[in-house]
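Here's the structure, in structure tokens; my notes come after.
Chain nomenclature is as follows: A, B and C, assigned in order of appearance, with residue numbering initiated at 1 for each chain independently.
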Amino acid sequence: MISEIRKSIIAAIWFSVLSFPLVALKVDYLEKSIHLRWDNLAIIAVGTFFISYVWRYFLQRVEKSRQEEVSGGIEKVSSAKTETSAQKILTRLVSLSHSKPLIAILLVMIIAFPFASSTYQTSIIISTMMYIVLGLGLNIVVGMAGLLDLGYGAFYLIGAYTYALLNFNYGIGFWMSLPIAGMLAATFGVVLGIPVLRLRGDYLAIVTLGFHEIVRLVVENWDEVLHGPSGIPNIPKPGLFGFEMGFNGSTTYLYYITAVIMVIAILVIRRLNISRVGRAWMALREDEVACQAMGIDTTKTKLTAFALGAFWAGIVGVLFAAKSSFVNPASFTFFESAMILSIVVLGGVGSIRGVILATLILILLPEYMRFLKEYRILLFGAIMVIMMVFRPQGLISDAHHEYELTPRPAGDGIRPGMSPEFNSTTGSSSNNQ
Amino acid sequence: MTESNEILTYFLELFSSGLTRGSIYALLALGYTLVYGVIGLINFAHGEVYMVGAFIGLIVAGIMSIMDFNILAILFVTLTFAMIYAAAYGFTIEKVAYKPLRKAPRLAPLISAIGMSIFLREYVILAQTPDFVSFPALIPKPEFLLAIKDYLEPTELLIIVSSLTVMILLLVLIKRTKVGKAMRSISQDREMAMLLGINVNQTISMTFMLGSLLAAFGAILIAAHIGQINYNIGFIVGIKSFTAAVLGGIGSIRGAALGGLVLGLTESFATGYISSDYEDVFAFSVLVLILIFKPAGLLGKATAEKV
Amino acid sequence: MKIVLQADKIGKNFGGLRALDNIDLKIHEGEIVALIGPNGAGKTTLFNCITGMHEPTDGKVNVFPPGQSKTCVNGFKPNKITELGLARTFQNIRLFNKMTVLENVMVGCHCRNSNTFLEAIVRGPRFKREEKQTLENSQYLLETFGLIDFAHHLAENLPYANQRRLEIARALATDPFLLLLDEPAAGMNPNETNALDQLILKIRNEKKISILLIEHDMKLVMRISDRIFVMNQGKNIADGSPQEIRNNETVIHAYLGTE
């Protein structure tokens, strides 16, 4: 206990010294002023003391459970055996999300929301729903197929600019632009996918980052065709058979459109996950060599993942353009891609529920907690580190689909077509559920 | 006479500026390559250490210049402080974000690094400011260099020479000292190095600190030269320096230095003779092309996966 | 007897190293051929050349899929070769760890289906039919291998011997005519090895699948092989029945060294 306190004090001192120049001092050599901000430093010192204590506690627990798994040998200890209280909460959350009455209530709330709150609130929910779809789309590429795409924001940008340019140059409206943007983004997804087919892990990630930045920089600089850094203004919101709706009305309209798109996305992606394609993606993620050896065309599988993932980004891009009425390259920086990535990372690679939960935590929650909002970006970064260190599988990780098996006639325990030797479970297995 | 003089001057300008930025890229590229050598990880947060070093330097230099110290004194004290602090930051980042992930699958440390990078940028924004801030001009302009002012900018020459010196010192360190040998053996075979009694954790920490030292050194020099910094400088310079490291062959020290200089020169000439708008696009395109077509770089070796 | 695989004068260079030299290997329908040799003899390299992971530097690998003409598979991608009907397991188990046992086997059925992602979205008739078929096949395989109780468990949580069996079940799901097993008995105790014997024989007898296996367990090899193909330092040093190989001087020397 004492040694733990001592370590925490050392950590507090270390971080205080480390952050002193930047946090406690503010210097302007042109104006010849030096500010000392002791209060900031005090916060850091105290905060680090507690955080380091908690950090090391959880780190030890994580390392202990990992060691148990490794030294378990033939008798594999399922990590669900020792359920922590946090895991219990998560399990309850997941089982709750299956309950039909709850989903019904949620649907009613979603439908009624715009009429119960201000336009500003509605706007926040629209953003949240948009990020859910973005997270789901990236989840296809990163979560299901295991391809670390750092440049997802590029497809988002392409979608938004497609609508903006089609509208600016040809007067094409929202509804027509939607599918075009999706298709175009998907095409770019394939364009990105082809050269990176042979790349593994980190190199793949860096190339996608490069791709993103190239797209953004081209948009920023190609003034003649793409309007450069000033962007494209006056993008119309979607129309309802030509009616003029005014700002509040059109926001509400956009809300419903976004909600419908979100629901469609969830259903479509769920169906993709539970299918031949979905299993191929997961196999690709788990072991590319074995995946190929089992007869799966990894090229087609990867390109499909890129294309289908990018498609959704394109769609949401159009929504974004309609919502902000204005697009410029500054809205689509690498940081945007990183934010979407952190949603996927927090939520749990491959899990639809996880993405939704993570979006609520990272996008919605800060809107209602002032403190969080100010430090939101700091939190993003910290969460990415924390998740990787403590729970790389994400919040919701046990999501695997249980296919319905054909029940066999019960009784003698020997199943048709099976030799008696295989009836016994050789070795011990503590996997009783 | 004057026209060819102008062409020559322009060329030398570009050449000098290219070598200057190339030296900075090289300094950072060394950091990337050293870390990749010992733990096989792309230290995404390296650019941010560079940026933090610049800001630490800003504070120190600011205070000292308000107190009216001699420019040379300010320069040396700033460099010292910035380098020490950067080393401390590098050390801490490794302990917090990478060390727990030594056995994790490859993507985990990369994501952690990205998170760290985002964290550090925002940390500086919140603690200091998101705006551009002026950095005092600390590099002296000695008399004897003013003579060649028409051909080579004195500041740039000093940056190039000092960077090269530091790089040579590093090479000597790697080749001759115990630490350097430890680094090299770990990059070959970590388990074997451990069995031979090499303190792997310590060596890895030293590698990070060394890389951060170099980064801060370059940061102060270039900040003093350009005259302003902001929270975003780490990202762009970081990516470009990583490009340089890959260009030269990741894991190869000579490659990093070579890659840095080559990238700096080609970038300078490309923007000077073709177009300056697409300066960053150029570097990113080089990065993408190299990784796709020749990931081993100019001096590196390709490795195949064993089935 | 009908030939299913014919490897002619296979050679493979890795840089300056000649990993395989002049390998002639024929496998007939329904045969169980064991590939043995000291470590580093080139057995897995030969596997890799047959299954498309490496391309042979010299020679041709010809396969004879049932109902099709002879096909030379040099330079084919591994998934194409699996589609033709060759499936394999790996020396170091390569399961899809975070997928369930059932899903692992279902993945094996991938190349025998063709529904696209669009059909998956709309749940068209072909999708439903193929999914049903995949599920049935996989369930049957799991039952045959005694793994049905673990169907929804993650593959990584399975005990070791079951993992090896799962890998074989997964390979069988691809509906091969030739199965290549890379050290299937590695790490198994004698009981498990016996059960494995029976399993391999069953696969050959009931499904008429030819089997090429790399093994170090000599008892297993002697018990079930029709033929033994011995390699040493990239070359074939003997090829015959278990009886012949048992008494072959060159083989004995290769394993024990010359006196």
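Everything that follows uses one rule, which is that a contact is a pair of C-beta atoms (placed from the backbone, for glycine too) under 8 Å apart; a residue touches a chain by one contact, two chains touch by 3 or more.
Please read these numbers as outputs of a predicted model, since none were measured by experiment.
On a Cα centroid basis, the chain most remote from chain C in this structure is B. Relative to the whole-protein C-alpha centroid, the nearest chain centroid is that of A.
If you average the CA atoms of chain A and of chain B, the two centres end up 31 Å from each other. For this pair, chain A with chain C, the centres built from the Cα atoms lie 39 Å apart.
In this assembly, the C-alpha centroid of chain B lies 50 Å from the C-alpha centroid of chain C. Contact of a single residue of chain B with at least two other chains is seen at positions 307. The set of chain A residues touching two or more other chains comprises 289.
Counting partners per residue, chain C has 53, 90 as the residues that reach two or more other chains.
For chain A in complex with chain C, the touching residues are 74-76, 78, 268, 271-272, 275-280, 282-283, 285-287, 289-298, 304, 308, 400-406, 408, 415-419, 421-429, 431, 433. Note for the complex: chain C touches chain A at residues 51, 53, 77-79, 82-83, 87-88, 90, 94-100, 102-103, 106-108, 110-113, 115-117, 120-121, 123, 127, 130-131, 134-136, 139-140, 143-146, 148-154, 156-162, 170-171, 173-174, 191-192, 194-195, 198-199, 202. Of all residues in chain A, those touching chain B in their complex are 14-15, 17-19, 21-23, 25-30, 32-34, 40, 59, 62-63, 66, 148, 150, 195-196, 199-203, 205-207, 209-211, 213-214, 217-218, 221, 289, 334-335, 338, 341-342, 345, 374-375, 377-378, 380-389, 392.
If you check the complex, the residues on chain B that touch chain A are 41-42, 52, 55-56, 58-63, 65-66, 85, 88-89, 92, 96-97, 100-101, 103-112, 114-128, 134, 136, 235, 239, 242, 277-278, 280-281, 284-285, 287-288, 291-292, 295, 305, 307.
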